[in-house]
Structure formats: structure tokens, C-alpha cells
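The next part holds the structures, each set out as C-alpha cells.
Look at the two complexes coming up: chain A is in both, with chain B in one and chain C in the other.
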Partner chain A sequence: MKIPKHILPFAFIGPAMLFLAAMLLWPLAQAIILSLQSVRSVGTTGDWVGLSNYREVLIDPVFWGSAWLSLIWVLANAVLQTLLALVAALALNQSFPGVRIARTWIVLTWIVPTVVVVMIWRWLFSTSGGIVNPLLMLSGVTDAPVGFFANPTIAFATLVFINSWRWFPFITLMMLAGLTRIPRDLYEAASIDGAGPWKRFSRITWPLLAPTLGVLLVIGTLLSFNVFDIIWLLTAGGPADSTRTLPVLIYETAFKSYRMSEAAAVAVLATVFLMGFALLATRWLARPPEAR
Partner chain B sequence: MTGSPKRYLLLTGAALLAVLPLGAAAQVDLTLWHMEQPPHRVERVQILLDEFNASHPEITVSQEPQNWGEIYAKAPAALAAGVGPDMLFAIPDFTPILLGIGALTSVEDFVTELDAEHNFNPSAVEAYSYDEGVWAVPLYNMSMNLWYRPSVLSAAGIDVPQTWDEWKAAAETLTGDGMYGMGLPANQQLYTDQTIYSVMANGGASEIYNADGTLNFDNPHTVEAYSFYNDMLAFSPPDAASWTWGEAEACFAANSCAMVMQFSVISTYDTQAEGNAEDLGVVAIPSRDGDTSNTIAYTNAVMLLSQDEERMEASKTFVRWLLEPENYGRFLNMEPGLFMPVTADGAEAESFWSDPMVDKYRSQIETVIENSQNGMLFGFTSGRVFPAISAISAQNVLAETLQSIAIRGEDVATAVTDGQARMQDLTE
Partner chain C sequence: MKRTLRWNLALLAVLVSLATLILLPFWFVLTGSIKEPAEIIGREPTMFPQSFTLQHYAKLISASDYPVYMMNSMIVATASTVITLLLAIPAGYAFFRMSFAGRETLYRAILLAYAFPSIVILIPLFGIFAKLGLLDSRLALVLVNVAFALPFAIWMLRSFFASIPIEIEEAARLDGGAPLTVLRRIMIPLVAPGIAAVAVFTFITSWTEYVFASVMILSDAKRPMPVGFSGIIGQYQIDWGLLLAGASLSLLPVVILFAFVGRWFVAGLTEGAVK
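Then we have the complex of A and B:
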């Protein structure tokens, strides 16, 4: 039997779409239904309350505080990870002895399980036997041990650092793939014309790397926004709620405050925001470079 | 193949009879969830399970260690999904949560049966007796104590503190030269709930509820206790606001903390520090005026969750076996010095006192047992049980109130008033 040509693409993507619907749309639909009810604990039932959970959430300063923290979290991670990854990718794009080993080595921080990452950094930053505090004191940066997870501002910054440390190798690899696609003869021609390192970077590397960076911006934002494990394991949203981003708030509301429907409302709002962002970003990326 | 069909059928039938003995009881596989995660505790539990399984071929119990931080969320979800355990360890404020979702059935008759045989400490059963039922079988007791090194105190010319003033002066004197006088947590976590309540209980603020069930958290004694605790944090390591039990033990073992409040440090001290029993001190938590020696104490228990009668009976068989004195002491000694007996015959069991580490630290353990006689738990005081405490405990409101003071710098009285408002909000 010959499948009509206009149906063939749907036949190919059909299974994938069905899989996505089962794995994504069904749970999302369940979350929306839950957010319109008054369920408190898992396993219990609740009344139909319409949009009242959304009203409660949207007038709650705790929600807006967490949303604000999530925004800062995403921006801080984006900046730090991009910087670290750019430096690493530029270095690994050079030819030097051992570059292949270095390219493999850098992936290690990314493949280490989160729990191990947490244990390593918790121990390093500890005031009882950790190495970071003695180093800071020896080098004169501080004259007393620092509680890295005990001060609200420092705890947030420390989490950003640890999360970026964990994820920058992934971005480095993506950037490296982008860098290797830039023709070498462009650099050679620019050098012959007298362009220095900065000019070669700003006029060749950066513009040709921009499409890759755009894609990474979307992926990185979505990944960073949803980070829960590192934050929960290191600070559980503390101290004094200073690292309670939206994913942490959703978990706390659902499983510690036993307000499952309210948590579902926050989750739905976060999903709408992320889907909106992803939609706008992909449209922007689809435009030709001169139209962006 | 040769041979008649009749002969073939006979042989097959004989083989089947040999493989499937008629009348054999069905095998029951039980799952036990507990929150004793350290590897040596898991190992000890496994040894006991292996013995039980060998002596009861019709029952197989397997363990799945869980985390106290997640169990309040995980257990209701697992039970709702039909994949919950048959037996689950509990502390008193955990049971109302599972009772609330209809996952518990009363084990009053079973506890009465066990009590007749082993004689439970009455307060151990009391904490699980409310709403016309007994919701878990008591297993062991834990109480918070003040641990120190006598050599460190004597080198500084300090006596063991008994009042808050002495305690604060000692912590201040001992702080310096890489040592912190007092390791106290300020994390929004269960450990901080336990330490702040131990201070409250020794400052006249043990009753979070009035007799009529209204909240009594916001009172001058609570304010005084929080104020004192906040002052003591000045002599604690700067990362104490992120501490759980492990960090406090590590700080004490590393001799970075002169004193810590802990259920027990014996195991860590013995394996990771000097291990000199002569130089490990333990006393009751100092009180405001030196006239009380209260502490927080938890009777841990096991909830029997099977809805199926056969599985429930198998679970009871396991608990009966575990509380037999020859097994019970070894169970308690999965962490020597931490878990105290809740039965009269368990307190005298050879299996408990013959453990080499218990023998080595016998005087410390006797002190811990003595201190635990004055144990109390918020929401379960004065013989009354307030199940609404579950929400307050799950949200760590005691610790949250401390963070408002210690991290946000709020006025103590205001933070305590806000804490009561938060408790009210959570229990409505």
C-alpha cells in the first residue's frame, strides 16, 4: 500500500507526538485539573474551587519573592556559565599537547552525579575541615571563616557558582562544536590583514558563534530555571528562604505545607511562563541574523 | 522418546508434587522503610533481617532505607500510589499525617499483647495513643543531651554548666583558637526544631498548646528561650545555619566544637575521634535556673500499613520477633548509645549491654537513659496529644522562627508572635 505523500510526514512524527502527549500533555492536564481543586495531601480528594488557587498564589508575596529569585537565578547562571564556557571553549579550541585529554576531562564535572557534587562542595565549604576557608584566611581574603550556606547573599551566590561549575562543561562542548565550524582560513586572512586577537574574536568568532549562543541561551534558561536538586540538597531553600526559587517553593507547598492544589497552580504558572519564553526565543532564533 | 503416555503422566505428576508441595503456606514478602540511613545501621538491620528471614521461611522482610527530610512527602505519595511499605518507622508527629489520609489502622490490641509480654514504658505508648486508637508500635527512645570533653572544660577551668548563665559563660570562654564554644544549628530543619525545643523545655516553655488546644507558643518564656539561643549562636561556627545532625557531630569529633547538643556522639567519637571513653562527657541540657533537666525525647515506633490481613499478620510476627530481648538489644545497638529501650525486659537485655561499644561507654549510656526520663516532645506534653502539631513539625516552624531572628535579624518577641501566627495558619 502506498501512503499518500502529504500524509507521510505525519506517519513519521506520529509516534513521537503520541509519546510526547503521553509523557508531557497528560501530566500537564492533570496538574491543571489539580490546580482547580482544593486537594491538600497526596492521595486525598478535594472540592472544585475554580481559579481561587491562582488568586491566592498571585496575591501571595512569597510567590513573587520566589519568582524574583528564579529570575535572578537564571540570569546569574546564564552569565557565569556563558563566561566560564566561553573561556574554556576558546582554550580547548587551540592546538596544544594534551588537548584531547583536556576535552574529555572537562566533561567530568558534568557527568558526576548531583549528590556527589553536593557532598564535595558541602565538604569543601565546611568550617569544620573544609579547605576553602583556610585558603581564604591564609591568602588574607578574610580573617574569619565564612558560612557559605549560612548567609543569605553568600548562600545564593555559592549555589550559582556550584550550579555553573556543574553545567558549564555542557555549554563548553556546544560552543566548541560551534567554534570548530568556523573556517580557519578566515582567521588566517584576518591575521594577514593585521587583525589582532581581540579583533579576530570580535569580528569573526563572536558573530559566527552567536547562533550557537542563542540556542544555548534558550536551553540554559530552561535548564537553570528548573534546577531543584542542587538547591534542595545544599540549602533546602534557606537560609531564611533566600534560595527558595519556584521549583523549591512548589515542592515545599506540595509536600511540606500539604497544599497540593496550590503547588499545582504555581507549577502551571511557571510552565506557562517557560513555554512563553521558549516560544518567543525559538521564533527569534528562527529569524535571519540581520533581522534579530 | 519412548514410553507410554500413562508412564509419562505419572512421572510429570510426581515431579510437580516434588516441586509444589501441597498445603505449603504462601510466601509473604514484606517491605520495611526506615530512616536509619548510615551504612552501619543499614548493615545491622540487614543482619537482623537475614536472621528473621532464615528462621521464618514463609516470610521475607527486605529493608529500604529512607530519608527523614523526604519521608513526610514520600510516604503519603507512595501509599496513595499503592506502592507503600508494609512497615514504616515513625516519630509521634508523623502518624497523624498518615492517619489523615486513611493509611493507618489501630494496633491497640497488638500493643496490649506486646505490653503484657515486654512491659512498655507508658510514655512510649502514650505518644501514639489518640483519636481512639494506638497508631504505631513503640520501638526505641532517643533524647537530646549536652556532650563535651571533660579535658577541654578542665583546661579552661570551667565546670560542667547547669544554668543558662553558666552555659553561656562556658561557651564564650571556650570560643577561640580555632574552637567554637557551642555547636548549635540554625537551619530550618528538624535538628534545629529539636535543639531549640530542648532549650525551651528548660526555660518553662515546653507547652506549645494550652490544655484546650489553643496555641501557647507566644509567651514570655518562649521569647526568653529564643533570645538565649540566639545569643549562644555567637559561639557557634558560622555555617551553623546550614547544619543538620552530621555537621554537629563532625564539628565535635574534629574538636572544633567544645560542646554540642546531640542525641549521641558516641559512634562518631569512637570511630573518628579519640575514642577515649574517659574523656567523653554527657549531661542533661542546662536549664535557665538549674532547676530542671528537661530535654526533647522521641519514641520512635513502627507503623503497620498493610491492608491485607495476611501481610499484617506477617508484619506483626516480625515486630514480635524484633522485641524479643535476644534480638532487641542488637537492634538498638545499630547505633550504640543513641537508641534506648522502651520495654522493661529490653532495658535489662544481655543483648543490649553486652555490645562492646555499649560496654565501653556504659556510664555515658546510663546518663543518657537517666536524662531520657525527663524527655518531652512538643505537641505531646503533659499526657495530651495534639495531632495538629504534624503540620507545624513538617514545616519546621520552631526552626523557621529562629531563622527569622538569627538570619533576618527580626526582634525576638515579634518573631515569636509571627511564629504563633504561622502555626495557627498551618493548623487551620
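Then we have the complex of A and C:
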């Protein structure tokens, strides 16, 4: 059988597109429908209630508290991940014995299941036994074990650290892509002209790497927003709701308090925010450098 | 370029800190898994094990369903990888080697799918799968894993397809190769490293997926490792030795996989990415 030429590309992308439509777009449409009804648990039906779920959510301080936490979560992670990744990428962009092995195995933290990441850090940060607390106490920093998951501020910071620990190597590799694209001769020429390491970094590396950094900040933001399992398994949103970001709130509302429709409304709002951010960010990044 | 001694020391300091940050936690886990219980919870953590025992591994394998969980995860991750490749390779070929109306728009839409908050579809998908009778099946997990890996997989193939000179393809076409034959005989061998990269990416994301599996799988016998393992964490009184052994074993398959094809995965991320 001969497929006409202009249909051919669609025959190739068709299966993938149909699959994504069925698995992402169709459920999204269902989520929107669900958010306009009053369904409490899966399988039951509800009445059409229009926008009242949205109205309820938007006047609920719990939602705004959670949205605020998500914002701080995303910012803190994006900054920490990108900084760690920048340092790591600059180091791995040098030549030294074993650089290839280092470039491959730096992603070790990312190939480990989150459940295991959670277990590892729960143990390292444990208040009975563990590693970090005994070390802190031996070195005389504290007298009593620090409750890394017990105090709201410390718990939030600890989670940011653990999540960034897991993701920064992934960002590092993508940043290396931007770094390896900077022509070596630029550095050679600058050294001959007597530029020191700092000058070479600030005049060559930084300006040429800036667009890559922009893309990676966006990717980091999207990745961090969606993080659910690490938070859920370590603190379940606590203590005192200090780590209840939007994904945690959605999960809790749907599967713990059985208010599916309200959870769907929160989820749709989150999607609108996130997609809006992604669209704006990609448009901003697509502009020529001079216009920025 | 010549580097001064000070510069080299600074580089060494950064590399040592990085290695510590990444490897030390794993070191404590691996060595912890072979320490006697008393040493694990001792007041002074030991850098090198003072005792040796395999009791935690023995207990893990005999007293829990851990081997079943591992098997389930292998099946789900392998199936997800195969299906993702079957969908992503033709799509990548069309996106990056052919021109057609709406290509840019569709490609953007795919990238946007990557920005999709996964938790949003958890609720409706649960309902849809319930209706289709897919709840509590490994197939449900495979479908979910493919959906989340596919956009990134297509994106990753970009540079690999782009690096092939157009002349090779034209020559094959002039020799009368049908498009599917050209893809199979010429393109796939040439983008093999890209395919390896996508395969590693998909296998790992499927291997580590927790949220959907925890909601969609109800019976113990079908649980993949992450869900089963988190069950073990909750079900016993915290037995750190057992958990450390479980964590160590769960690293094995991905570390072995990565030892063989990790290089290609890294190439896929560093060369294709950020465009």
C-alpha cells in the first residue's frame, strides 16, 4: 500500500499524538468537567454546580496559603538547583582525569527512586541514630538532636535541600550543553590578552551562558512545581501545613477528604497558572537577546 | 590553556565537595546495610563498618514481598520503555526530518505537555481507568509512564536526527527505499545512541514513579518496588537495617543499566538539550 506523501508525516506522528491526547488532554477535559460538578469520591456522580467550586476555592485561605507555599517552594528550588548546577557544570567543563566518569555518574541522585531518596534522607536526618545529628552533636554544634522534619521552617528548608539534591545533577548536564558550545578559542584569546579566571567568567562564560540559564530556570520551575512524592512521603504536608504545596493540597482534598470536584478545581487553577507561566517564559526566551 | 596551582586547588575543592555531596549519602546507605543493628543505631556513626552481616538482606528477601515488587517494576519499566520507543522514534523522525503543515505548532504542544502538572490528571485518570477496568493492573502504570516520558523522549531525539546529513537519506530514497524502510534500515542505526538515551530516560522515570502507582495499584502482588518499599517502611517498626538493604538493592538494576548505556543518556541530555 502506498501512502500519499502529504499524509506520511501524520502517519508517523499520529500514534504518539493520539496517545498523548488520550492520556493527557482527555483527562484534562475530564478534570474541567469534574470541577464544575459536585463529586465527592470517584465513581459517584454529582450535580452540575457551575463555577461554585472555583468560587469556594478562591475565597479559601487554605488555597492561598498553599499557593504561596508553592511559589516559595518553586523559587527556592529553582535558585538552589541552578546555583549548585552552575558550580558543578563549570567544574565538569574543565579537563581533569576522570571527567567522563564524573559527567556520567553525577546523575546518580536522579536515577534513584524517590522512595529511596526519601528513605536515605529520613535516615541521615533521623533524630534517633542517623548520621547528621550524631555528627552535629559530636562536633558540638548542638546539644540535642535537630528535628529536621519537626519545625515548620527547618522542615521546608530540608525538603528544598533534598529535592534540589535529587534534581541538580540533571540540570547540570543540560547546563554543560550550553557550556560546551562556547568556543574554546575565546578563552585562549582572553588569556593571551591577560584576562584572569574571574574576568574570563564574567566577560565570556556568563553572557554566553545566560540564555541557557534562562531555559533551565524555566525547566527547573516546572519540575519543582510538580514535585509531590518527596513532600508527601517525608512530611505529608506538615508540620502545621508548612509544606503543603498545591500538589499536596490537591492530593489531600481528593484522596483523603474525598472532595474530588474541589480538588479538580484547584488542579485546573494550578494548570492555568503553570501553563500561563510556561507560555510567557518561552515567548520571553524566544525573543532575540537584544530585545530582552 | 595553562592553569595555575591555585586554580587547580580550587577545582579540586569543588570536585571533592561535589563527590561528597552526591556519594557520601550512598556510602552510608550501602555500608549501613551490612552493619549489625547495634552499630546502625550507635551514637557515633562509623565511616567504615565495624561489623558484617547479611541478615538484613536475608530478612528482606524471605520475610517481605520485595522480590515480587522488583519483578513488577522490571516488567512495567521494560514495557514502558519499549512502547515509548515505538511511539517516539517515528514521531521524532517526522518532526525533525520532514516538513509538514502545523509542524511547529504540534511540536510546541508536545513541549507544553512537559509542563503539564501530573497531579491534575491523577484524579480524572483514576475515574477513567476505573471505568475501563484498568485499575489495579500493571498496564495502567505502563500507560501512565509512557504518557509522561513521551514528550521528553521526542525532544531528546531532536539533535540525534538533526546530526544526520540529509544526503544519506536522499541517497536511500533515490535507491527506491520506502519511507518506513529508510527509517528502519538507515535512520534507526544512525540514531541508535539517541534511542539508547531515550530508553534510559524512560526506564528510569518508570522505575522511580511512585504517585500514580500508589493510587492505581490496590493489591500487594502487583505493586512496583517504590510503592511496595514504602509499604515496608510503614509496616514494620522502623527497622533501619532492613530499609537500608532494600534501598541498596533497589539501586542495583538502574546502576547496572547506567553502567552500560549511561554514557549515551548523558550525551542525549548534553548535546540535544536546551534549544
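In the analysis below, the second predicted complex is superposed on the first by the 272 of 292 C-alpha atoms of A that agree within 3 Å, B and C clash if a C-alpha of one lies under 4 Å from a C-alpha of the other, contacts with A are read in each partner's own complex, and residues count from 1 in each chain.
Simple rule for what comes next: a contact is a pair of C-beta atoms (placed from the backbone, for glycine too) under 8 Å apart; a residue touches a chain by one contact, two chains touch by 3 or more.
Note that the structure is predicted; figures quoted are calculated from it, not measured.
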{"item": "Touched partner set for A:Pro9, first chain B, second chain C, both or neither", "value": "second"}
{"item": "Partner chain in contact with A:Ser52 - chain B first, chain C second, else both or neither", "value": "neither"}
{"item": "Touched partner set for A:Ala236, first chain B, second chain C, both or neither", "value": "first"}
{"item": "First, second, both or neither for A:Lys256, with chain B first and chain C second", "value": "first"}
{"item": "Partner chain in contact with A:Phe148 - chain B first, chain C second, else both or neither", "value": "first"}
{"item": "Contacts of A:Ser38 with chain B and chain C, given as first, second, both or neither", "value": "neither"}
{"item": "First (chain B), second (chain C), both or neither touched by A:Phe125", "value": "first"}
{"item": "Which partner reaches more residues of chain A (counting touched residues only), chain B or chain C", "value": "C"}
{"item": "Residues of chain A contacting chain B in one complex and chain C in the other", "value": "42-43, 126, 128-129, 251, 254-255"}
{"item": "Residue ranges of chain C touching chain A (in the complex, touch as defined)", "value": "1-2, 7, 11, 14-15, 18, 21-23, 25-26, 28-29, 32, 40-45, 86-88, 90-91, 93-95, 98-100, 103, 106, 108, 110-128, 130, 143-144, 146-147, 150-151, 154, 179, 183, 204, 207-208, 210-211, 215, 225-227, 229-230, 233, 240, 243-244, 246-247, 250-251, 254-255, 258, 262-263, 265-266, 269-274"}
{"item": "In the complex, chain A residues that touch chain B", "value": "41-44, 125-129, 144-152, 155, 234-240, 242, 251, 254-258"}
{"item": "Chain C-facing residues of chain A, complex", "value": "3, 6, 8-10, 12-13, 15-17, 19-20, 23-24, 26-28, 30-31, 34, 42-43, 87-88, 90-91, 94, 96, 100, 102-116, 118-121, 123-124, 126, 128-131, 134-135, 138, 165, 169-170, 173-174, 176-178, 180, 184, 187-188, 191, 197, 212, 215-216, 222, 225-226, 228-229, 232-233, 247, 250-251, 254-255, 260, 263-264, 267-268, 270-271, 274-275, 278-279, 282"}
{"item": "Complex contacts: residues of chain B adjacent to chain A", "value": "69, 72-73, 76-77, 79-81, 97, 100-101, 103, 186-189, 237-242, 247, 250-251, 254, 256-257, 391, 394-395, 403-404, 407-408, 426"}
